[in-house]
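In the two complexes that follow, subunit A is the common piece, with subunit B as its partner first and subunit C second.
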Partner chain A sequence: MQDGVKKFMYVNRRAPYGTVYALEGLEVILIGAAFDQYVSVAFIDDGVFQLKTGQDTGDSDMKNFSPTYRALGDYDVTKLYVEEESLQERGLTRDDLLDLTYEDEDDDYKEKSSIHIVSRAEMAELLEQQDVILNF
Partner chain B sequence: MKFGILVNEGPYQHQAADTAYHFTKAALERGHEVVRVFFYHDGVNNGTRLTTPPQDERNIVNRWSELAKQYDLDMVVCVAAAQRRGIVDEEEKKRQGKDADNLAEGFNISGLGQLIDAGIKADRLVEFGD
Partner chain C sequence: MLHTVNKSPFEKSSLDTCLRLAKPGSDILLIEDGVYAAAVGTAVEQKIREAVSDHTFYALGPDLKARGIEEARLIDGVKVVGYGEFVDLAAGNERVQAWL
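Then we have the complex of A and B:
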């Protein structure tokens, strides 16, 4: 790892609506992407709902910001870790999640999935490896 | 040790706002450096000088202002979160055409980049929230 580059992990723990944490957390990720740090994003607990397909906020007067997650790949935020147990506990599978991808410039711009399903134990290891954790 | 401090919750509503202050004060008193205190989410409400708690209660806003003065502390309120919640400095008042400003002494309004920058510069970024 380059000198002066830190490992930042953004941890999303809350549902996308109901509180403003998810929306304002996403704003931090987008701004942080400009800083040339090593970045990953974790989705645990109700945070996995942030990546749910088919979000419809029409009746609640809330802005549906889920399309913004699709932009993360263009911002070089390509490591999204989703905790498997959190999905299972909520009756969700990978198929319920947005299809988020990026173009790998080191591999002939092949389109690859940004989403990695990891176990709770693996998530704990990932957290252990970070220099800076921002928790929303 | 160089600390960065992130305050995510509002004053009086949530003890995180108090704990952040006590932690910051203790760190400074022990000779540690605090590179920045960043206020985000409802934490921006720690920076309004219109706060008027009952006489026999702690004044959370003034407490931060005094700490900033004593230690030349860099306290930044996130502009996007502040605009949503009506925290305005003189410049924002003019720019947004508002009839008042309310940012307390010692606080500055700036962007989220200041939070990332604090994470880069500090040895530890400590987050106070729910």
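Then we have the complex of A and C:
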């Protein structure tokens, strides 16, 4: 890795609307993307609800920020790790998650999925590999 | 009595305490992150299923919709209500116990 570049992981563990953590976390990720670091995002526990399809705040007067996750790929935030056990406990599968992709400019310019479903053991390993972990 | 639960059942014990202390016949309304308890296939589904015979369960529609929980995924016996019915439930019960 280049000098001065650190591995940053943003850990999201909160559901999207009950508290402001999820929205604040997303904003920090987007701001942090300007600093050209090696960035990944983890979705654990209720954090997996942030990626649920079909969110519609039309009746509840809140900002639906779920479409903003689609912008992450354009900001080179292309490694989104979702813990499989967290999905299972919440009755969710990969099909319930937003289809988040990025254009692979380093390889074949194809649209590729940013979402990686990982096991609890793999998530533990990913956490160990980071230089900086920011929690929301 | 009307009991409301506004916390995720996966993160806080509010739902457990509510189910433990709500008397049979009382109404339980799931709101905000509490509505996550109303979906099928979760680790807490059985708790709701065991309680639906003793209580009338409601979930606030706009909060379900905001979180992308389709009505087809709700546990049988959970009724979807709007803000107006929330007010009716609050006004129609002697007390409201909010499990925060």
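Everything below uses one rule, namely that the second predicted complex is superposed on the first by the 136 of 136 C-alpha atoms of A that agree within 3 Å, B and C clash if a C-alpha of one lies under 4 Å from a C-alpha of the other, contacts with A are read in each partner's own complex, and residues count from 1 in each chain.
Here, a contact is a pair of C-beta atoms (placed from the backbone, for glycine too) under 8 Å apart; a residue touches a chain by one contact, two chains touch by 3 or more.
Bear in mind that the values here come from a model prediction, so they are computed numbers and not experimental data.
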Partner with the higher number of touched subunit A residues, subunit C or subunit B: C
Subunit B versus subunit C as contact partner of A:G91, first or second or both or neither: second
Which of subunit B and subunit C A:Q129 touches, first, second, both or neither: neither
Partner chain in contact with A:K6 - subunit B first, subunit C second, else both or neither: first
Touched partner set for A:S119, first subunit B, second subunit C, both or neither: neither
Contact residues of subunit A, present in both the subunit B and the subunit C interface: none
Residues on subunit A engaged by subunit B in the complex (per definition of touch): 4, 6, 8, 20-21, 24, 27-28, 31-32, 34-35, 37, 131-136
Residues of subunit C that touch subunit A when the two form their complex: 6-8, 10-11, 32-33, 36, 39-43, 45, 61-63, 65-70, 73, 82
Sites on subunit A touched by subunit C in the complex: 14-18, 45-46, 49, 52-60, 62, 64, 66, 89-92, 96
Residue ranges of subunit B touching subunit A (in the complex, touch as defined): 6, 8, 40-41, 80-81, 84, 111-113, 115-117, 119-120, 125, 127, 129
